[in-house]
Amino acid sequence: MKYLKQLRNAILGSAALLIGATGPLAAEESLTAVSFGGAYGAAQKKHMIDPYMAKSGKKVLFEDYKGGIAEIKAQVTAGNILWDVVDIEVIDLERACSEGLLEVIPRDILPAGDDGVAAMKDFIPSALANECGVGVIVWTIIYAYNDKTIGANRPGTIGDFFDTKKFPGKRAMRKRPQVNLEWALLADGVAPGDVYKVLGTKEGQARAFAKLDTIKKDIVWFDSWSQAPQLLNDGGAVMVQSANGRIFDAIKKDKKPFTMVWHSHIYDLDVWAVVKGTKKKKQAFEFIAFATSTKPLAGMPDVAYGPTRQSSNKLVDPAVVPNLPTSHLDKGIKADGIFWADFGESLGEKFNEWLLK
Amino acid sequence: MAQDPIALTREEAASARRELWRRKFMAFAFVSPLLLFLVFAFIAPISTMLYRSFYHPTVAALIPQTLAAMESWEGKSVPGDDVFTTFAGELKQLAKKRLSGRLAEELNRVRPGLSSAVKSSARKMRRADDALLKKEGPELLRKANQVWAENSTWRAVRQAGQIFTASNYLTALDLEFGEDGSIQGREASKIYVALYTKTLRIALTITVLTLLLGYPLAYYLANAPSRQANALMLLVLLPFWTSLLVRTTAWIALLQTNGVVNSTLIWTGLINAPLELLYTQFSTVIAMTHILLPFMILPLYSVMKGIDPSYLRAALSMGSKPVPAFVRIYLPMSLPGLSAGALLVFIISVGYYITPALVGGTDGQMISNIIAFHMQQSNNWELAAALGSLLLVIIVALYWTYDRLVGAGNIKLG
Amino acid sequence: MSEFPHYFSIWDKAGHYALRWCAWGVLFFLMLPILVIIPLSFNVEPYFTFTDGMLRLDPEAYSLRWYGEIFSDDKWILAIQNSFFIGIFAALVATLIGTVAAVGLSRAEMPFKRLITAFLLSPMIVPLIIIAAGMFFFYTRFNLVGSYLGLIIAHATLGTPFVIITVTAALTGFDHSLYNAAISAGAAPVKAFWDIVVPLIRPGVISGGLFAFVTSFDEVVLVLFLAGPSQRTIPKQMFSGLREQINPTILAVATMLIAVSVAFLMTLEFLRRRGERIRSGQID
């Protein structure tokens, strides 16, 4: 009966393995939250994820995500919900919500501010403007350059970003139509108030792509915001488009010789949203209620993002205030989520075809 | 008639046949668990993909009534008011259920630019009440966006509404249905045929490069003393069995702007400013050549080891020059290894995904990358399925050739 | 110059040396990435390149910090656990059904042998992106996307061809009548299989299983399409790291994977020699 003994050993062995591997299996039970990683992700981990896990005793898997709605859409369409909570840009939120990819978040789950002001009054209005999200930060997209590699001339306007004669070298941009097309029009002389009106027309779209064409061969595309400071650092590009917090963090923490250009910055909000059809909806709401309460939000200015509650604003270190997007609103425009809800699809396709040309 | 003494009786023949059948059945029974497993885990998925490339019920499920109302429409002019009314009503329902985005997406694929019109119209229909929609639906729709007054929009609606469609294959070949239903070149951008061509070109370049690099090495190893050859073979096998991602990572470290290659070149004074090596077609070709080189060396080596060197020696001693002797005698004998290696390298590189995705930049992208793009980024799964099916046809044809020439069971693992 | 025959001209000799240089050059090309990545993983700076200090062999320029970082990061630890868990079970499944199938396939009576062999080996050939897309569509129906079971099945599929190849090779020359005779003599089929076939093919089975394990351990395309956040594996973690935040932790992981490959290769070599001895009858 030798073979039976060996068979038994094999079975016992695999059983032992199974038990030893309950570590990975246990992970399936926890809430999955995704956000943008890098310095911002680290701030969220410190002020939202870790305190929530400590307080509730529940585990949260905190994953990186590159932005956009594609992955959420794939999960909802196929019916495989892998993410529960998503930190999403409002520029994508309107579209995701109107396409039924997100749950509606009831407002009564949100606690009052630490100073006792009711949530509906405490949040800035745009933070609760869309029923699928609860605002986390006010942030903005700027461009930055490396003092060491830029040369004698210093760029100061969006026009300079598109001027490869005066400022030769690579420009790094995030690979998507959003913001890039707006910048192209602004650099082409469209008035800030008219950008979205012009971009809604065929001629305006052609104009934006034509402007991008002028620097196409000098563009380095990246997929995720965390690459922006790296490209500036390792010489991959002389100017990079970036979320302001990433550059702020590189200057403050790593003492990098970077300079931000606020001209024509495009500001937006990030919100926490819940993926439609998740089995952990209740826990997701519970997490969002905690993560958007006064204290956690007050930690976001660590990376120069403005909190979305007035009660959190009161806790912000005054030294950081000049670096917050809210101190530069006169120089920029607000990203139009509704415009991108309508045009995200068709301009996205046009953009990809333009890339491959 | 007398029975042939050696011939089997009918019973004996039958029992021999039974025995043969029993053995055939036994052999088959051994294989059947794996066959069943592969049918579930491998064949069913691929069939699903093939099916999805032409089965497309999404739009038909979203606006069934409109499509039914359009059945009698001839397509020569804009459909009648009944179609408009039905469509306006369905659009409102979709907007309420947050499904208008799905419809917008689907129509946009047939006619680029339609999605914003569908979405904004749906939002306007949602605000109108039912009674008003019944009465003034057509006017409301026309006022919401001018596209609804265009004939081509409705043709797009009808085309998107087909449950079984060849349109994904047409798109994958840069074609489309014209106004009269005939097939014509696609008006919007043409990218896929060029991409297939580029993929085949890159694969061919890689095959030639692996051949140029692999042949001399295999020849050298096959003619080296066996102890030395075995030791050196480990230098081929170690990279072969090193993780693909490890090797790709290494190429990133080597080729990036401030990477090892650039700094060495600057240090030696050959160049002043770093070259742009990474995220190009060049880096894709180099990294893939490195990764696939062992697939060329292993079959070449095993064939070359079987070639008796005395043939070549005989030719040489009879006065033939080494080069012609090599070309006329050795090369033909090594041809089986050569064709096996070349075909295998070509097959693998045609469908490669990871390395181009990581080091390819925009101009190093191959067909697999665009399939992944449509699966993960643009969510156009039907087009991805059609592109994948075409790729599969190429691969199956190549694999069939390989099996005829080499035999699938002769793949070398080391 | 006595190593060359008399009829060699000077050009032929030059050709001979050129061939030698060429061969060593290609070997260098093959090994270069591995040789570069190992020292870089000990870089104290967060860069992918040799610093001046490293070139001067300054001990200060080297450190183990990236190795420490792997083991202090929950994500890497989960990835390592997952890679082993999925790899081991995928290899077990692949080895079990692959071995049995290889035994059937190597019988002379096997019907449609060539066609079926080609089919059974096709998971090696079909591009992963096609398999991944198909599995994503099909496995969704069974809730297998984002589950361990789904990945184990997917990876076992990729592993079976390797088991078929190695076990078939181990069975070349095996006389199936031995097995048939044992059954005719009244042995239970499973026992006959275990006593007669298994000892002979054991090295082949083990190396097939190793191949299947390594295939799963290194696989990333199917993981990208089928895994959920809790099923991240080492290759997936490397893939996303390479696409986003490049830091030398990846090089440290890569170096450890190279060590795994060396161990793997040595085991295979050992098994190959053992298999040869078994077939030549030196071991019963």
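Some observations on this one:
When the chains are written out, they are named A, B and C in that same order, and each has its own residue count from 1.
The rule is short, and it goes like this: a residue touches a chain if its C-beta (ideal position, glycine included) is under 8 Å from a C-beta of that chain, and two chains touch if they have at least 3 such contacts.
From a predicted model like this one, the values you see are computed outputs, not experimental measurements.
For this structure, the chains sharing the highest number of C-beta contacts are B-C.
Seen from the Cα centre of chain B, the chain whose own Cα centre is farthest off is A. Between chain A and chain C the centroid-to-centroid distance comes to 38 Å (mean Cα coordinates, whole Å).
Averaging C-alpha coordinates per chain places the centre of chain A 32 Å away from that of chain B. Between the CA-based centres of chain B and chain C the separation comes to 23 Å, rounded to the whole angstrom. Of all residues in chain A, those that touch two or more other chains are 234.
Residue positions of chain B with contacts to 2 or more other chains are 256, 258, 375, 381. For chain C, the set of residues touching two or more other chains reads 47, 136-137, 243, 246. Remark: chain B residues 20, 23-24, 26-35, 37-38, 41-42, 44-49, 52, 213-214, 216-217, 219-221, 232, 234-239, 241-254, 256, 258-260, 263, 290, 293-294, 316-317, 319, 322-323, 347-348, 350-354, 357-358, 368, 371-372, 375, 381, 384-385, 388, 391-392, 395, 399, 402-403, 407-409, 411, 413-414 touch chain C in the complex.
Across the interface of their complex, chain B is touched by residues 68, 70-71, 73-74, 77, 95, 97-100, 200, 202, 220-221, 234-236, 341-343, 345-346, 348-350, 352-353, 355-357 of chain A. The touching residues of chain C, when paired with chain A in their complex, are 47, 78, 81-82, 84-85, 88-89, 92, 136-137, 140, 143, 145-148, 190-191, 194-195, 198, 228-231, 240, 243-246.
Put simply, chain C touches chain B in their complex at residues 5, 7-8, 12, 15, 19-20, 22-23, 26-27, 29-34, 36-37, 40, 47-50, 97-98, 100-101, 103-105, 107, 109-111, 114, 116-139, 153-154, 156-157, 160-162, 165-166, 168, 180, 211, 214, 217-218, 220-221, 225, 235, 238-239, 242-243, 246, 250-251, 254, 257-258, 261-262, 264-265, 268-269.
Partner chain C is touched in their complex by these residues of chain A: 2-3, 6, 14, 17, 21, 23-25, 27-28, 30, 32, 34, 37-38, 61, 63-64, 66, 78-80, 82-83, 223-224, 226-227, 230, 234.
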